[in-house]
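Two complexes come next, and they have one chain in common, chain A, joined by chain B in the first and chain C in the second.
Presenting the complex of A and B:
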């Protein structure tokens, strides 16, 4: 992870959640660069530009206006340039159905939004380091499933 | 009398690298910006020799030794988990320090510093990774896998799987199967 920032994108319509998310990464010792989008449409408009810089990991809220997290996920998996991005679902819901469904659709990580900041930092650091292992240690990305 | 020298820093640096590398006598290619590719095997001794000779110029081999050693630790662990059934009973700290010829404390600190995870966590991650492979690609039952990987019980493996991935082995199997069906709707496996 040296000399190279981990690039992270979050799409979430809740402004507070976006702020917490950014603050959490700022306090972690991992060097990260975080960009946020406030709905699924804005996110997809960015990602589908030919010269967009793709994130090392993308965090998706499930319930967003204009385009939901599930819709984004489904679209991303159909686009060759985007389909290998690691995707973390970042949601207030923890219904078994949502979780299994998003995994089947190709999500790698499912995070139920923690309600305190300390936990949030721990969870995010966990996700980013494990994701990094999958990138750098020859682990099979197809088997990368993580629920937190 | 005073004169002023205009340095060509790139040229100076490249000359320095060339000199030091030819002292070493290892075939190499200078890729620019301080990046060097060795065309033949370089030993750790040679690398530290290079590092030492660069030190008097205030330069050093960046991270390489560390990254190389971290990579070796990872490779050794992967090899231990995936291939070395015989030694699976040996304590991993002993195994690593014997194979890599460094104290475990040193290896452990270095590993955490570079990867932000501990060696212990990496070993668990690899064991669970191997378990996933076996679940998907073989007919082995979770009981057999636990035995093969030297877990004290099935429960221990299941718990560690759940703790590491957040899902149970059977949920994992179900999800991967469904995913495959979704991606290859026509193919009957």
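Presenting the complex of A and C:
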């Protein structure tokens, strides 16, 4: 792995979504390395290893077996080594309740899974090229949900 | 009054008595004088003739004089002056009689020519003169008294008819007054009686209507009285059995007897008690629920009475149970609905999203490998899945407007309008739509719902615009008096905010003005216009949530007008 590559992790139990996600980054031609985990437990097992390479951006699905996205988010924010990872919520629904909860818990952006591959590519490209420092400092509930 | 008349008559009688008394005294005095004269005559006769027969009249005169004197003394015992005179007279009479006796001595000795005898006779005559004088004085005095008393008496007599007459008149007046008073009282009593009668009857009726009965317990005598309706509540004829506690307890549900007995005991001790609830069993076996309240009243003579009211609340309980059942059912339905929402939002969306993504993948990557027909099929699948997405989104929105717990807030409607326009910016731009609006005042509404309402109404105008004409949407505001709006049937408020959305779109036939608000009702083929038939139902629901009204007015090929009325408060 080259040092300048953006390291991205996706935790999503849905096989199709993982496929779309990897395909999208493949087509985007951005220097990225994508790792996927099929549930929250697997993700946390990886992240909590002392020598694990931490991602630049972590995409977190909310509805997952064994350990939900919300649980992962809560744990990550409690662990010093992990708490600064940029976290993008990546979910099918965009209910007010979920948006509110994840915002309060410290997620950086909320993405509603698009139903068009072109849109998916656009969203992911946007997220990866965001200047996170700038985005986070001006973060509020209104711009938390990424709109296209 | 009688006392006055009696007193007057007493005075009259007294004055008669006094007059009579004065006469008696006068007569007595005259008699004394005449008896004395008789004695004197007797003495003289004897002295001249020595005939002892004259002595008889002398002695009888003397005796009579004494008798008369005694009577006179008795008669005048109240008159000090007459008594004094009488004492003087006694002295004089004694003296005179003495002289008589002396003269007799001389006559016995035949010494009638002596100087001493002459002197005696003379002295006798003098005393006799003095007596006469004295008696005359007494008679005069008495006559004076008599005159005064007669005058008094006459006055009394003249006053008597006037007094008696006035007493009579006054008595008559009193009688009249008393009569009218009694008459009045009787009338009052009759009115009061009538009122009581009315009150009693209306109490009876109200007992029947509201299914309650009353009872009294005279604690000291241990006697009861039940109102007619209490019997009816027990399923019995009014007053068909003796009202006792034992008889009543026979009706009480066996499980509630102890409870009721304890509560009644408590009633005797405490002033205010909560209601008592118990059941009774009527003779036909039906169980009724009763609710009772009682209070002890103590009268002036320390007699205690427990006054109570009992109501049959079986219907209430039945209704309450039904209501509770329905509430539970509603709750269940709501739960099902919200779980349906969840299914719709998550589980349905997910496969659909994937279908759509795969379609877009196929379109991008594989379209050149498909035949023309294959590409057509792919296009049809895409259209259908898009429509399915639209339906799911709209349904979710519709169910979200269900929420009754949304809180009303003071909302700047101009910001809401701006947000709505923002939401529709893409279509507005695409169709070159012009939207103008009045300034709308701040309203107390559910902001999220009003925004949805604006989006749906403006979106509707944009969607059903004429193909060749740019949409022109005019939003106007005015405050209206409910009296002037005939369309509003059940006016809950006096004034309404009226927001009108007017467009130059394709309009619709007036006959559909109401139908378009019905869920899933569509006026156009879905190939022409991409509606789901949910948007306007959402509008109607939002306006209903705000206790408002929405009306549609359509003119085919000219445009549509949507009027929203929201309560002004």
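Criterion: the second predicted complex is superposed on the first by the 127 of 148 C-alpha atoms of A that agree within 3 Å, B and C clash if a C-alpha of one lies under 4 Å from a C-alpha of the other, contacts with A are read in each partner's own complex, and residues count from 1 in each chain.
In this text, a contact is a pair of C-beta atoms (placed from the backbone, for glycine too) under 8 Å apart; a residue touches a chain by one contact, two chains touch by 3 or more.
Source: prediction; values computed, not measured.
**Q** If we overlay the two complexes on their shared chain A, which of chain B and chain C does A:143 touch? Say first, second, both or neither.
**A** First partner only.
**Q** Can A:49 be said to touch chain B (first), chain C (second), both, or neither?
**A** In the superposition, A:49 touches no partner, neither chain B nor chain C.
**Q** Looking at A:105, would you say it contacts chain B, chain C, both, or neither? Reply first, second, both or neither.
**A** In the superposition, A:105 touches chain B alone.
**Q** Who contacts more of chain A, chain B or chain C?
**A** B
**Q** Thinking of the overlay built on chain A, is A:80 touched by chain B (first), by chain C (second), by both, or by neither?
**A** In the superposition, A:80 contacts neither chain B nor chain C.
**Q** So, A:63: does it touch chain B (first), chain C (second), both, or neither?
**A** After superposition on chain A, A:63 lies in contact with chain C alone.
**Q** Contacts for A:29 in the overlay, against chain B (first) and chain C (second): which applies, first, second, both or neither?
**A** A:29: touches chain B, not chain C.
**Q** Applying the touch criterion given at the start, work out whether A:14 contacts chain B, chain C, both or neither, answering first, second, both or neither.
**A** After superposition on chain A, A:14 lies in contact with chain C alone.
**Q** Please write out, lowest number first, the residues of chain A touched by both chain B and chain C across the two complexes.
**A** Common to the two interfaces on chain A: nothing.
**Q** Spell out the residues on chain C that touch chain A in their complex, using ranges where they run on.
**A** 345-346, 349-350, 352-354, 356-358, 360-361, 364, 389
**Q** Can you list the chain B residues touching chain A in their complex?
**A** 63, 67, 74, 78, 114-117, 122, 125, 129, 132-133, 136, 165-167, 171-172, 174-176, 178-179, 182
**Q** Where on chain A is chain C touching in the complex?
**A** 14, 16-17, 20, 23, 63, 92-93, 95, 113-118, 120
**Q** Show me the residue ranges of chain A that touch chain B in the complex, using the header's touch definition.
**A** 1-3, 29-30, 100, 103-106, 110, 125, 129-130, 132-133, 137-140, 142-143, 145-148
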